[in-house]
Amino acid sequence: MLLKVENLTKRFGGLVAVSDVSFAIEKGEIIGIFGPNGSGKTTLLSLLAGLLPPSGGRVLWKDQDIAGSRPNAIAAMGVIKTFQNPQLFSELSVFEHVMIASFLAFTRMKHHSRLRSFFSPRQGEKALRARAEKALTLCRLQNSSARPAAELSYGEEKMLGVAMAMMCEPELLLLDEPASGLGNDEIQNLENVLRDLRAHGTTLCIIDHKVAFLAKFADQAIALQEGRKIAQGRPRDVLADADVVKAYLGRHHHA
Amino acid sequence: MKTLLLLIPFYVLPLLVQSDVVLTVLIFTFVLSILAIGFNIVFGGAGQLTMFHAAAFGIGGYVTFLSMLRFGISFWLGFGVAVLVVVVTSIVIGWICFKFRLKEFYFAVVTLAFAELCRLVALNWNSVTNGTLGMLVLEKPTVWLPGTGIVKIEQTVPWYFLTLVCLTGILIFSALLMRSWIGRNFSAIRLNEDLAQTLGIDTFRYKLLAFTISNVVAAFAGALFGFYTGYIDPAYLSVTQSLDAIAMVLLGGVSTILGPVVGALVLTSLPHLIELPAELRVAVYGTILILVILLMPRGIVGLVSGLLRGRFNAA
Amino acid sequence: MKISLKGFFTGTLLAAAIPNLAFAQGIVKLGQIEAQTGPNAIYGFMSSQGVPVAVDEINRGGGFKVGDTTYKLELDALDTRGDPKEATIDLKKLLEQDKVKFVFGPFLSNVFVTIYPYAKQFNGKFLMLGGGTRIHEYVGQPGNEFLIRTWNWDAGPKGFGERMVDYLVKTAHPKKVAMLFQNDSAGKILGDTYEPMFKSRGIETMTEYFEPGTKDFSPVLAKISEFQPDYLFPGYSDAALYDIVRQSIEGNYSKKFFLVRGSTGPGLKNKDGLEDYIVYVPKDFEEAEKNDPKVKHFIEAYKAFYKRDFPYDQAPLCSSSCYDHVYMLVAAMQKAGTVDDVEKIRTTLLGMTYQGIWKISFDDHNEQVFDFDIVHLKKGGAKEVIHVEQ
Amino acid sequence: MQVVIGQILNGIILGSLYGIIALGVTMTFGITGIVNFALGEFMMIGAYATWYFSDQAMLPFPVAVMLGVVLAAVAGLVADQVLFRFTRNNLVNGLLVSIGLISVMESGALLLFTTTPKSMDAVVAGSLSLGAITLPRMKVVVFLLLVAVIGLTWLGLSRAWLGRATRAYAQNPEAAMLMGVPTKLLQTGVVVYSCALAGFGGGLYASLFSLEPSLGGLFILKGVEAAILAGVGNLLGALAGGVILGVTESVGSLYLPSAFRDAYGLVFLVAILLFRPAGLFGSQR
């Protein structure tokens, strides 16, 4: 069992954003979480990635509770998150973004030492640059690699977020609405990227409100409403689930 | 790195210029550049606006001199003791500030408060720091030169070269630092700390590292300044000392390698270049600061390198 | 582009460094380093006002003759801003670039202590006439012949401090005196100097220091009032004295004051509230203007030169204002018959007694001894001025 | 025991002076996103103007204070249009422009008034004494005036339309803009008003203490400390922050060496910032 979430809860003062959610993710599996806006999807991901301290419950990563640890510690363990609205290093170029993201990969290189990197910055750089080129090409950003990231389109920014996440050699990649704001061919390309990740054995946890996109990919689906898990199972079953439909369409839908 | 070649003319200067005044102005410029570089590492590098570098500047001077007196060791070993003291102080204060995740304005205010407390200790701990009377530093640093052996640095020209060599060393150090992984993580933190954290960068440790390195460099400047002027007093740790260093970095160009040196050169030589009644000179100093901030946000070096790059792109 | 960048720096600096040669034969250069701006500019400002007036007067009078050449004075007054770094550069500019042989100032102790190691290297080549309290620790010692103090030492055999304490004991027989000084190097020296003076006369003392720039003294005055002193001895910058005297009276703490370094201003401002106010003043200018033509002339010259009214109620131009010293220096040059032989001028100057606004002579410690006034204000503002000859 | 109470009262009065500067700091920070470190200089303008008009031009004290306030407000308007307009929401630039402004205004004061201290006669002479405690009447008058002005400002901000718009803007700038709140006018208005407040504080200061060109520097640090103590953005808290700072310093100097006076405020501030980053009364913004 790669990741086990047990009765995870998060309260902001009176508001309960995530209440008592439990689920598990197998290695190599793709799990899709969907729900209407404000159903606690992003909050849930932030809890997993350590951006928000949980009010209750446990998050077991390889049977070790990481709830409440600092985001960088969780990232170093292999749980990497992308952002719903893309986060960038304002002045830096696209390539420099991906190089910064390769820090974890750098620390995992055999002969690395941050101090020695002080004197010979080239050490290990060649391997990382090659990997960065590959990631950018996969995300179709290779021809804007020298451009400042601030000049990218929204879709490209989102893909840069994915490229950066890939560079961190994630074991579990938490994707926060990767498809929203993308054009059709960009979504097509996103799917290739996800397939490639899956091929490399990366476990994916995708949240989005684009149900069709999720259904096509996810091995397992979870539906959230007002922070509560209302359904879990194969995507087709969950979509057909009465509560889910009611939550989504606001009334009983006769399929 | 090639911008460091700009320092070469300064190595040649003492042969051309006999006037001691110009050399003295440059000595103060070099020493204050080191302080400014120290501040630039933590502010230009990791984006943390600190006001503690003046306290480190003062502690550098005091501890180096006191340990020389107490243990009879050379300037450099005395400075080693100062580095220890500054490292410990920086880690304690840095740990407190970063543990509580103080941001920008509050970090500046808390570091200012700690600097003021250090100044008040220096001001009133008469038995050790001689309090308000300050301390007369008659000892001088010694340097081993091939051929002549241990030489005491006393006259202006030896001081000129000592401070210039030290500045060059610190510049190379800061250039290497900024281009290394540590520097890359610093800029990641400066530009977007939350994103940096999710990419696995331990922002707490790197901010603490930036804060400590910055204070050690500032302490080095304090030791040189104290031994050159021959007098150390609590004013070294004053707010004005911090603000001067900040003004130099912003005038010269934040987050650039040579910016602090350019800023230090302009602000140190300015009062002696313009012949104005005293009150007006202070006004000119203030006006320049305002004009730079509003018209040249990226500072002199930022402006110049922008023009250069503009030239290359256009050509 | 890169070359001009480099040229820009070395070019401007070279231009500043070309020493301006004294073309006209017959120029004697005077230098002055005082803090005219910056936080503790009050004392630098006051002591820097005398020299320009004297220089202007002498030059307008056609200069002065030494041997068969007439000389004019050229004054280079530099502002140290109370910052030791600036002071070091200013003194270097005066001694090495302008080749000045006579430097007036500094009056601030921290500025003096910083430039002392450098100035010492020029011993014998120039004279420094400064008033700073801490100059006392160095003046008169071998190797410091360049140093002459334009104020005398409070606790010396002819020290005005001793005279003032004698007067206090004679008129008021206080048993307890509380001292309240600024927490800086001059303030600390005051505390260390006057404590033994009071103790040797069987007077119990208590000393409190306050952060420079303090405006509200009510807490420290309350603390002092528990000691129930007969007299409060506050010091030393005028702004602090105004606040201390007023708040001590209004808060009905102590109403009897004894001041060395201060002025009649605070006393006059609170003349109805105070019970006793004894203050050392180099010269009570109001009194002296009536019967001393030289003082009258100086006040007119001051008003003409600065185009503002004369600050009667301050510690106006304490004797280190160097108005007299410029004339005394000129007299010494004329008597010694040289403007260059510093050693000869020095010995002549130290041996002279000069009657200007003050009767000035120097003790064997090269510290100035001069007559001064004790102003004794009683409740309601009745003023008694006691002139003390030395 | 009486002495302690005396010092608590004195601390409260002194604190109200810190409070009015803190109020200016809080309002400017809340609306324009920068800390106006030059507020102390506008206090100096108010102080010197009041001294000049009442001591030299022999005008009645209230008129002199009003003129001081007007002068400080006009200077504030000029400073805002020339400088602070370009440093909105940029803390570091705002800090450095303020530092430049401080040296310009201080040298202006030096030129006009030299460093010779100026001291006014107490407008309301005599002191109140309750038992062993004596409080100069003028100090009490100053305290009441300051509290009144701070109270009025708070009332204005919570009642008058412009006040509510200001608070709305402080809470959520984007939303306020969408609702047609004239942000440019608001920001300039707030800067000018806080300069006027500082000028008013300066005018009252002049009636209590002696004046020198560098008086601004001391009070701005205290004002910023008080604003943070209360939690920047909290209006009434500014007065409370100032009072707490004033009392800590006054009572502290009673028992500990008064040379450490500034340290007590600083230690208190650091403790607050660490354990209640939003300040004593601040809301977690």
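Each chain carries a letter (A, B, C and D) given by its place in the written order, and its residues are counted from 1.
What we mean here is this: a contact is a pair of C-beta atoms (placed from the backbone, for glycine too) under 8 Å apart; a residue touches a chain by one contact, two chains touch by 3 or more.
What you are looking at is a predicted structure, and each value in this text was computed from that prediction instead of being measured.
Asker: Measuring between Cα centroids, which chain is at the maximum distance from chain D?
Answerer: A
Asker: If you average the CA atoms of chain A and of chain C, how many Å lie between those two points?
Answerer: Roughly 74 Å, centre to centre.
Asker: Please report how many Å separate the Cα centroid of chain A from that of chain B, as a whole number.
Answerer: The answer is 42 Å.
Asker: Averaging only over C-alpha atoms, locate the centres of chain C and chain D and give their separation in whole Å.
Answerer: From the centre of chain C to the centre of chain D is 36 Å.
Asker: Provide the list of chain A residues touching at least two other chains, using ranges where the numbers run on.
Answerer: none
Asker: Please set out, as single numbers or ranges, the residues of chain D touching at least two other chains.
Answerer: 107, 110, 257, 259-260, 262 - these are the residues of chain D that touch more than one other chain.
Asker: Return the residues of chain C touching two or more other chains; collapse runs of consecutive numbers into ranges.
Answerer: 37, 183
Asker: How is the touch graph of the chains shaped: line, ring, star, complete or other?
Answerer: other
Asker: Using the contact rule from the top, write out all pairs of chains that touch.
Answerer: Final set of chain pairs in contact is A-B, B-C, B-D, C-D.
Asker: Under the definition above, what is the set of chain C residues touching chain D in their complex?
Answerer: Touch residues, chain C against chain D: 37, 39, 41-42, 45-46, 183, 208-211, 213-216, 218-220, 222-223, 225-226, 238-239, 242-243, 246-247, 250-252, 265-266, 269, 308, 311, 314.
Asker: What does chain B use to touch chain D in their complex?
Answerer: 49, 96, 100, 102, 104-106, 108-110, 113-114, 116-117, 120, 123-124, 239, 243, 246-247, 250, 278-283, 285-290, 293-294, 297
Asker: Once bound in the complex, which stretches of chain C touch chain B?
Answerer: Listed in rising order, the residues are 1-2, 5-6, 9-10, 12-14, 16-17, 19, 36-37, 79, 81, 84-86, 88-89, 92-93, 96-97, 110, 113-114, 116-118, 134, 183-185, 187-189.
Asker: Which residues, counting only chain D, touch chain B once they are in their complex?
Answerer: 35, 83, 86-87, 91-93, 95-97, 99-104, 106-108, 110-111, 221, 224-225, 228, 257, 259-260, 262-263, 266-267, 269-270, 273-274, 277
Asker: Considering the complex alone, what residue numbers of chain D touch chain C?
Answerer: Going through chain D, the ones touching chain C are 3, 6-7, 10-11, 14, 107, 110, 114-117, 119, 121-122, 127, 129, 134-136, 138, 205, 208-212, 214-215, 217-218, 249-254, 257-262.
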